[in-house]
Amino acid sequence: MSAVMGVSRHRLFWPVMALLVLLLLNTLRAPTFLAIEVRDGHLFGAPIDILRNSSPLLLVALGMTLVIATRGIDLSVGAVVAISGAVALSFIASSSDPGSVGTVLVAVVIAVVLSFVLGSWNGFLVSVVGIQPIIATLVLMTAGRGIAMLITGGQITTITSAPFRTLGSGFLLGLPVAVLIAGGIFALVTVLTRRTALGMLIEAVGINPAASRLAGLRSRGIIFLVYALSGTFAGIAGLLISSNVMAADANNAGLFIELDAILAVVIGGTSLAGGKFSLSGTLVGVLVITTLTLTVTVLGVPPSVTPLFKAVVVIAVCLLQAPVVQRQLRARRRAAVPAAVEATV
Amino acid sequence: MTTTSDAPLAAPAADPVPVVQMSGITISFPGVKALEDVALTLRAGEIHSLMGENGAGKSTMIKALTGVYQVDSGSIRVHGQEMTFKGPAQAQAAGISTVYQEVNLCENLSVAENIMLGHEVRRGPVIDWRATRARSREHLAALNLDIDPASTLSSHSLAVQQLVAIARAMTVDARLLILDEPTSSLDAEEVAQLFAVMRTLRDRGVAILFVSHFLEQVYAVSDRMTILRNGKLVGEYRTAELPRMQLVSKMIGTSLEVLEELEENPRRSAATREGATPYLQAIGLGRRGSVQPFDLDVYPGEVVGLAGLLGSGRTELARLLAGADRPDAGEVKVEGRPVRLRTPRTALGHDIAFSSESRKTEGIVGDLTVRENIVLAMQAERGWARRIPRRQADEVVAKYIDALGIRPPQPEALVRNLSGGNQQKVLLARWLATAPKLLILDEPTRGIDVGAKAEIQRLVAGLAEEGMSVVFISAELEEVVRLSHRIAVMRDREKVAEIDNSEHVTVPDVVSLIAGSDVHPSDVHA
Amino acid sequence: MLTDRTDPALKPASGAVVAAPARDRRRLPKLDQRFTPMLGTFVVLIAMFVIGGLRYENFLSGAVISNLFINNSFLIVIAVGMTFVILTGGIDLSVGAVAALSGVMAAALFQAGWPAGIVIPLSILVGSLLGLVVGLMIHYFEIQPFIATLAAMFLARGLCYVISLSSIPIADPTVVALSGTRWVFGDGWTLTPSVLIALAVVAVAVYVLHLTRFGRTVYAIGGGEHSAQLMGLPVARTKVLVYVISGSCAGLGGFLFSVYSRSGYSLTGVGMELDAIAAVVIGGTLLTGGFGFVLGSVLGVLELGLIQTIITFEGTLSSWWTRIVIGVLLLAFVVLQRVLVLRRR
Amino acid sequence: ACGGGSTEPAAGGGSAAAGGGGGDTITVGFSQVGAESGWRAANTKSIQDTLTEENGFQLSFSDAQQKQENQIQALRSYIAQGVDVIAFSPVVETGWDAVLEEAKAAEIPVVLTDRAVDTADESLYVSFIGSDFVLEGERAGTWVSETLGTEPINVVELQGTTGSAPANDRKSGFESAIADNPNVTVVASQTGNFTRSEGRTVMEGFLQSQDDIDVVYAHNDDMGLGAIEAIEAAGLVPGEDIKIVTIDAVKDGMQALADGKISYIVECNPLLGPDLAEIIKSVVAGEEVEKRIVVEDQEFDQEAAIEALPTREY
């Protein structure tokens, strides 16, 4: 009993519940929804789809979590996604041997380095020039898609390159490569922030910048770093997204991904006011959002009410997490427990 | 020592209906029972002190009364009527005006607005700014404060902000005025002014609840006191009938050692400096609009006190030494080598630690735990990549929680939830943990109870003995004189004198220097 | 110059008690500091006019300046509401969708033959109502503004789709009159009812923010919600009202837009929230709350409009260069403003 | 005033020449919707490449970034600049009367491209060149109904951006074409926002929730291409297990059609430049022009695609 109550008090209880409810809804509609089968040595099924589709969003949301923890926000991730895909695919398309591993590797490196540079640019504007994050990243958000279009000439660049396809659609050890990449980076960031002191320093800067400065933190460096990381992760996400469809769409790749990422971060319990952050929370938030997207299709929600449906789910998850509601629920449970005990006697 | 003074008072003789009567108050926070069955009675025309160590529950009691916290059980009667306030606004409407412990004003607004917010003079629905400002000026004048009401609050030092908060509390025609540590950063003159105002109000029939860790002040101003210990009620006493020693023993709950220590604390005399290189040497260091260029040497093992009036520039001087502000003139030498202290980080790199006077805005990182707050500066020095191993951190944290008596002694508690005094101790621990060679302490004893204050003073003395240099700022001149080897006197943002401390130097000497009259020329290097 | 009279910090208080000379020396730059960001915006705006005037023919004309107001009247109204929200440290992402909802609803009701006397108030009220819901969610359920308003954005957009998927023309005589009326003063200087309404809203906002207790409470909350609460200010009511104001402004803005375009369409105002936020922030308001002025936001809107005008006058930019140039101009504006602010400090 | 070359040597071209005008060149102001898709980019390119100075045009181009207010502002600016002809692709169908009246008052003829405007007064524009979205949907529907609808089939629909004119029209056109064939049922319909990645995600959802899908009808090639990825990932063969019908006929789509992955494409031709140039010339010459010019849209099956592919421009 107390174990159950302990679980229900956990920070992530309600987001996880939301995820389970969505999965349940899907299973009710399509009974084989949760089934995972092995086809040609790969795992296959809706849960795998969810994981694979979550990968790019997870990457973007990871960077966003760190940025938000420092009280910032990064609106430019969508543009970076577009640029990264555009650069990689243009490079591969123009190379003499699009199918070779070497070409793809070079393209990936170029794209990731460029994304790092773009992230650093944001970091520079925020930490050195001192522009408010929302405006600083708005600059790249606006200009970025233009740059991506400039690279692709406004067209959708399409390629056929088996190694590149592997990134988004390939399998390794039965699991999608994209999931392995995102999972690996997730683990890396977790280690980076929790096994070193970086996490704590980021939180300190986010909670009280003035105190952190006096405590000797190099807050500029830290802020710079989180934006650089955010850009880099967005770039990798861009590679996954473009590999997914084997095309670089400068206009639509990663469109509104910043909103989804922020939403995921917040559903995961990280406050937009900065400070304490939770990477596992972000992971759950991302899964909720991807599952929600799939649910809309599976349930056959008409497009015209899709936004309404999303709004209702988001509001429900947030309301359940609200402190007021939590207190109420707890009080009710407390009242209910003695009664239950009496009944068993 | 008579038995009557020791025993709680019998039923109050005077006013049959107290202004406020709280009884059976219990409040718990997750993990802490902050108050347990506490009673408090406040009568019209009386100044009542609420006494207790850091974390005893004084501020919580006040917040329970004003509706910031909801009580778990207990009753609050205002003028005999049972009341539950849902928030400070309701308490204010019922005639209870409060100055909370941490200055809770809006730094972005002007002084006048901070005083008058919610009570602005209006003509119809429109605020009459001229009248509002005039009114605020009156309230400031009552406290002898002549600052421009139109200036932004953040441009004033903490002490001024505290006075502004008090002025705000006076705008309401209150029947009960609550002052939670209003004097912690005021100097003697301001305190006297405040007490005069308090007495006037008392004579007008206002009930006043006063919290302070300065025993002199409590004895000087209050008629009655209620003592709390560990969230429990010890008793209510008439001030005149309770000797200090007993008060302290009731607050602490054990022997009187601490207070004795406080009294016998050794008088510092000038250390031998011949041939030694100063650890830190400031030459013509200054910053336009903030501090006039000054020279200052701090030798190893020396405590240098900074004395001066409110706003005389002590904080600004300290900030220049700590790299918190950038000087625009002069140079700094550390161990004889010229250095540039561009940021607190570089200062820390030269083993210079600085504890700021504003613990809320520049000190604690509220949402981090006690452990994290203590190791923060240490960690900053090591860089992010090399995390302090858990075991080492635990050791350091345990050591300082123990040494400074941080309560609750839980490393995982959020600093935000600690009482004010305990937050200050956490900050001290943070700096001590970096093992600095020069420790700059700006009002380190602000809001700290007698026991802990003695503890900190002893600590500072001990550290100096071990060879650490200390720059010590305090609004309490006694403390400065007692602890320092040398005292630098500030006036109008300028270092005006420097005295070698000795048996002959007294507080009045320093005061006269601050005031600008002359003293024994032999002790002064102006 | 309403503020001149109303803001205490603006005038060197003549009757003030004499302060120490040392303090006086510091106070002068201090006083300006709150206005420097806004002044910065203003200076940059003027500079752009001058440069534009030198570069393009007919740029410095009454027509261009009038059009700047006419084309942006709805955005001015929305930015005013946004300013209230941001001053308290919040944010409102729903304004674009609410504006669309207001417009679509108005168009649908006009189509159904309802009279203007009912439709116009209704279209504003629908915004107020959504704002109220958002405000309650934020204050009583402690949901972060970003998320609450994001949910409201989905909700409003969803309602738009439910009302109509395609755009609805408005033939109501009142609206036609409103959109057709133009008062021309000599050389191209033009005024429209929408501009008048927008300016009236600005005037009312300045009045409310600087001359009423409610307005000062808004600033106090931005300075520190907790402090404001302890000071006994009506924080709850003010916070909720601020979102009601923003919602109402979005409603009115949406109606003005439907007047401007004589139609209602569910896809209007996508991204308008970002424009509004950008305008407010460019106008010198801090996203953390407590600092800023409505007039700054108006300047911010004009600045964004001016960027668009310059792009149009340039006339040779391809689609992607348009975006890049907008980004670069935005950057130039904010960096220049930042430099001006730093300089004055 | 125009500062001339002294201040901005690089910028001398555009506006100065526009102002100087005269002669044989026709000044045209063109306001594009935005750059939201590859189709749009091809459309823009076609117009910019046709209305060149060699061909006797002076083009002033602006991108409204899908905002009606930007577009209205651009049109006003063209009116102020006194161009010879205004052309634009309206972001929305409604709300143009006021600005078009201004153009009419200034005696500047207006040509619409790609999308129509909804107005009571048809004299506000001289001509509308563009495809008929409803017709495109109908043609796709007719093909499905006639070729595949001989036995009961389940169709899933990938819609364009909710609320956009092409999405609305292509949906209704398709529906009306299959209305009398009881064999054809649309079992699921969801928006893929005209993009490949959303097309893929939505198709994945369809594959999970629908047991038996025979045909995918996508409102554009990109969503169809995304669906192909999803179908292949599910271990099915596009074109055989599931047939795909799309609209647009961009190069990538044609390639997929040639490869047999897509079964049928209805063209929506973005190359409006030449037609537009012709119309403008006639208008300026004072000739009578047709009010509605429907662009020649073709339909492609695999053979036609293989044939057309080598010469495909976009």
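List of remarks:
For clarity, chains are labelled A, B, C and D in written order, and residue numbers in each chain start from 1.
Everything that follows uses one rule, which is that a contact is a pair of C-beta atoms (placed from the backbone, for glycine too) under 8 Å apart; a residue touches a chain by one contact, two chains touch by 3 or more.
Computed from a predicted structure; not experimentally measured.
More C-beta pairs in contact connect the chains of A-D than those of the other pair, out of A-D and A-B. Here the CA centre of chain A is 31 Å from the CA centre of chain C. Measuring from the averaged C-alpha position of chain A to that of chain B gives a distance of 45 Å. Rounded to whole angstrom units, the spacing between the C-alpha centres of chain C and chain D is 34. Chain C has residues 161, 165, 318-320, 322-323 in contact with two or more other chains.
The set of chain D residues touching two or more other chains comprises 35, 41, 44, 162-163.
In chain A, the positions touching at least two other chains are 149, 154, 303-304, 306. You'll find the chains touch as A-B, A-C, A-D, B-C, C-D.
For chain C in complex with chain B, the residues that touch the partner chain are 5-9, 11-13, 15-20, 22-23, 25-27, 30-31, 33-34, 210-213, 216-217, 219-220, 222-224, 226-234, 290-291. Within the complex formed with chain B, the residues of chain A that make contact are 195-198, 200-201, 203-204, 207-208, 210-218, 222, 275-276.
Within the complex, the chain C residues that touch chain A are 137, 140-144, 146-148, 150-155, 157-159, 161-162, 165, 274, 277-278, 281-282, 286-287, 318-328, 330-331, 334-335, 338, 342. Taken in their complex, chain B has these residues touching chain A: 322, 324, 343-345, 347-348, 354, 356, 361-368, 372, 376-377, 379-382, 384-388, 430.
Partner chain C is touched in their complex by these residues of chain D: 1-3, 7-8, 11, 13-16, 18-19, 29, 32, 34-35, 40-41, 44, 48, 60-63, 65-70, 72-74, 76-77, 80-81, 92-98, 118-120, 161-165, 168.
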